[in-house]
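Could you have a look at this structure, given as structure tokens, before my questions?
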Amino acid sequence: MNKTYQLELVDNYQPGYSLAQGFYKSDEIYQKEINNIFLENWMLAGHASQIPEHGDFFLFEFDKESVIITRTKEGKIKAFLNVCRHRGSLICLEKKGNVRAFTCPYHAWSYNLDGELLAARLMNDDFDKTANGLHQAHVECIGGLIFISLAKDPLSLKSMQDDLKDTFDLFGFDRMKLVQQKSYPINANWKLATENYQECYHCSPSHKEYSKIHALAMSPSRLERYREAYLASKTNTIRTTPVDLYFDLANEGDEGYQYGRDPLLEGMKSGTNGGKAASMFLGNVTDYDGGSSEFMVGPVSFFLIYNDHMVGYRFLPLSVDTCVCDVFWFVHEDAEDGQDYNLDQLTWLWDVTTQADEEIIVNNQKGVDSHFYSPGKLSEMEDFQQNFLNWYLKALKK
Amino acid sequence: MNKTYQLELVDNYQPGYSLAQGFYKSDEIYQKEINNIFLENWMLAGHASQIPEHGDFFLFEFDKESVIITRTKEGKIKAFLNVCRHRGSLICLEKKGNVRAFTCPYHAWSYNLDGELLAARLMNDDFDKTANGLHQAHVECIGGLIFISLAKDPLSLKSMQDDLKDTFDLFGFDRMKLVQQKSYPINANWKLATENYQECYHCSPSHKEYSKIHALAMSPSRLERYREAYLASKTNTIRTTPVDLYFDLANEGDEGYQYGRDPLLEGMKSGTNGGKAASMFLGNVTDYDGGSSEFMVGPVSFFLIYNDHMVGYRFLPLSVDTCVCDVFWFVHEDAEDGQDYNLDQLTWLWDVTTQADEEIIVNNQKGVDSHFYSPGKLSEMEDFQQNFLNWYLKALKK
Amino acid sequence: MNKTYQLELVDNYQPGYSLAQGFYKSDEIYQKEINNIFLENWMLAGHASQIPEHGDFFLFEFDKESVIITRTKEGKIKAFLNVCRHRGSLICLEKKGNVRAFTCPYHAWSYNLDGELLAARLMNDDFDKTANGLHQAHVECIGGLIFISLAKDPLSLKSMQDDLKDTFDLFGFDRMKLVQQKSYPINANWKLATENYQECYHCSPSHKEYSKIHALAMSPSRLERYREAYLASKTNTIRTTPVDLYFDLANEGDEGYQYGRDPLLEGMKSGTNGGKAASMFLGNVTDYDGGSSEFMVGPVSFFLIYNDHMVGYRFLPLSVDTCVCDVFWFVHEDAEDGQDYNLDQLTWLWDVTTQADEEIIVNNQKGVDSHFYSPGKLSEMEDFQQNFLNWYLKALKK
């Protein structure tokens, strides 16, 4: 019996190197990724502040999927596939809105906010309405952050929630609001986009704005000295102990996650032009300590927590050769635009950085498409990416 | 030996339900459909009034095919593949026109109006011109309606022509003219478009304009009472006896067809805004009787015959995920625009309805593309669609 | 064991006829063509006058490939794949420019003008820089014309260089300059474009401008008489002896090439409107003799040498159903625009002719896509194309 194309590619992978071309071009592999990763792992869907009232909804979309995120009459957040159980039409055609019930525009089958089929006109008596509710996705919230999983048996987020509870409390994850979400479509395979996010080997040559603020752009040895100085001088209580249970390091049955805190360059307070303060302190944060935290849950959702605002990053595939990067900006729920923060200044750093990355990633895809591309040796600064690759290859084999 | 993908899909079909996703996405199935349906069945090509003079022609196009419909010197209507027998160039580049002969613009091979190769410059003596005429399609006319079949041995239309001869005469099928043809491209598989046309379960929720005029939008029981009242009150001679030899109900060797007459809502005369009269009576029709007729030939050509005008509908595939719906408006050949009818009023109902359908169908495709779509239960009002599905699945297996 | 699709198509080819549809549509065959033809044969990349200084570069692109053509510090012309050896990014993002070194914009790996890896930041000690230079393409110049081959063991150009040395000298191949390059994208398979260039059966019906100047548009018998008169009257020393070692006629191990000289129509001096002189004489040419030469190297690079300028033609695939035709205009390096030649007049004939061909070729593809297309009989005037087909089918089988 012949090995499948994808198994052969997986088995031929050489550790320490980038992936072979086929991983970035093959439709067969792309379908496997959708099934084994995007229909299995947890993904950031959005924020509770987007749906304050019951009947409020917004759509979370990737590849061929559209998921309705809504708030029920009891105030619970639920997620349903935007696919009518009759002949499959989309039910919600607008990207967001408020409804009393989800009524399919085609034949008027109607579902309540809990996804149950309320009415289906003129169906035979033997038709079982209770078996025809909307398909439901799993929902888990971290403070106001809404995560969903389309898996039958989703991975557990419990250890993560327990482990980082105090940190979420300190940063006031349940007292933030989303003030900006921006989509950056990228003409490249989704892995090139997320691999780009996973390593700071490219920060120094490609992101001068970032490199003036974050010490992570430095070489590992210089960063180490910088980190020691930061830890020695730090007086506040923001957690610095890292947790590295991401990708191939995750515990069996758990969704992978990571937390860490890294120094900013001297004198920098936040991720803004010149490192100036951006907004009022998050949660119970009381001062600028010259650091910022990274937090990651699942394979495609990343957060950068400054003392006065948080930035979210999410990578989603649209097709084998296109993807989208969504960037989310959060501030304290009491902060007001024009007074406590300025939206343009708040979003400047990661907007300019993401625009630069979009170009980088597209040019990476173009080169990878050449018959002459072959996997190249990764540097020490691409360690995190190596963990992603290890995990990714295992996920493909499932 | 493994079953092919399409055979497996066909065998897994559950009667009473919509089709599985693969039928709407697979290229393999699409190619099979082109071969087994569109190269086998009869399709409306256009109307004799489009080519009154010899040498007049227009193109009939779908998928990768372009067919020249023309009138010969003897006044006969013929159809030829628009493909030069030399190296395959298109011969007619304009969508319509008038020619003395069909001369390929590439190397000037020239064919007469009967499709015979007249001249091929500088070919060797052993070249047989008589074997290199244009490929011909079968043509059959119903009054002025031109139907073509690309089959080697086309299905028979004889029983249909005999059965409905009086009806065609009454409605004056040979004394109509085409006054408008409009193309509605739809980003969806052709089956979703024709299935949409086949059922009026969606009329009430989706087409308020139609539902104010046609009783077919009602529930079956209400429609039944309405139909009885219509039949009881009707005095004129327009045929009401239905004939249901369509799709899987067709006789072996015959092309499927259907005729029926259904009531309009009380006080409605025709398919216009407010149900007002649209034009002079067709053929030998003498009054408004509060009804309209449906007529269908082959799988993708449908007609709605009001007492004072006729609307034609045709669905053609362009690729696996795009199709086009063409709508044709016919009036009595003596009717004059601005006097006997007003073109905007004549075309209003089915223009607004088709535009609405275009949106419905595209959103249906989007939902069907989801991994979570599964075939749903059909209602009683989707009976006709069930006949289509039965026939369609048999056609795929050929 | 089953034959592959392409082998079956190849074996079913009937000599004397055009190719079957599959050759123009199949992705499988297209990939085989890239490997067996475009990664094996010599192609015109450009002209030395485009990169006069060291560090000057321009990109040569087709399908998924991008090749940097540059001049080293020693003045040598070299060609490198535009693919970083680290993670595969494009290195040069601009189509042309001047650099001191090739530095990848992603992670700043840097290569010198000889393609050697100079610097790769923060790589482990075991990383071997010498094994990570840019992939190199073979370069060979005919005068200023730059040809490249991406083959491991390229075909030999030696016999051609020896055979035509005097001709290249006479026409001053090393004293020309490129004054215009124009790209004509064509929505058709690359073979339809190059087959179009290979036969003049279509010249008379399709190119009235060309047919007023070149005798090649005539029927073979008339052309023969014209050629005899031309040879009898000719007094200058421009080579007229043809060499026919092209396509299937090439010697084993050699790249195919062809040279010939054909008469212009009476009174015509050059390939311009009215056949008027275009520029100063090329090389050592001393008069107008009423002829022009054809020269071809490899499968997709063609030249037309008038006494006072040269036109180059190159066909490259972009995907299975799109390609690009590049036309190059060359004059004596001392000629000045507005004085010795007028650029609009110089480029008129082959601009208008290529625009007409673009339309012809697209319409050829459309017809070939029909289910009813079948290979047609070639005429005597399509002999050259038959040689191409013989060679092409053999190349596919490798």
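For reference, chains read A, B and C in written order, and residue numbers begin at 1 within each chain.
Heads up, the rule we're going with is that a residue touches a chain if its C-beta (ideal position, glycine included) is under 8 Å from a C-beta of that chain, and two chains touch if they have at least 3 such contacts.
Keep in mind the model is a prediction, meaning the values are calculated, not measured.
Chemist: Rounded to a multiple of 5, how large is the rotation, in degrees, that superposes the C-alpha trace of chain B on chain C?
Modeler: My answer is 120 degrees for the C-alpha fit.
Chemist: Regarding the chain A and chain B pair, does the interface count as same (over half of residue numbers shared) or different (under half shared)?
Modeler: The interface of chain A with chain B is built from mostly unshared positions.
Chemist: Quick one: chain A and chain B, Cα centre-to-centre, how many Å?
Modeler: 48
Chemist: Residues of chain A that contact two or more other chains, please.
Modeler: none
Chemist: Across the complex, what residues on chain A touch chain C?
Modeler: 18, 195, 201-202, 204-206, 219-220, 360, 363-364, 366-374, 376-381
Chemist: Can you tell me which positions in chain A touch chain B when the two form their complex?
Modeler: Within the complex, chain A touches chain B at residues 34-35, 39, 64-66, 81-91, 93, 105-108, 120-124, 127, 132, 135, 150.
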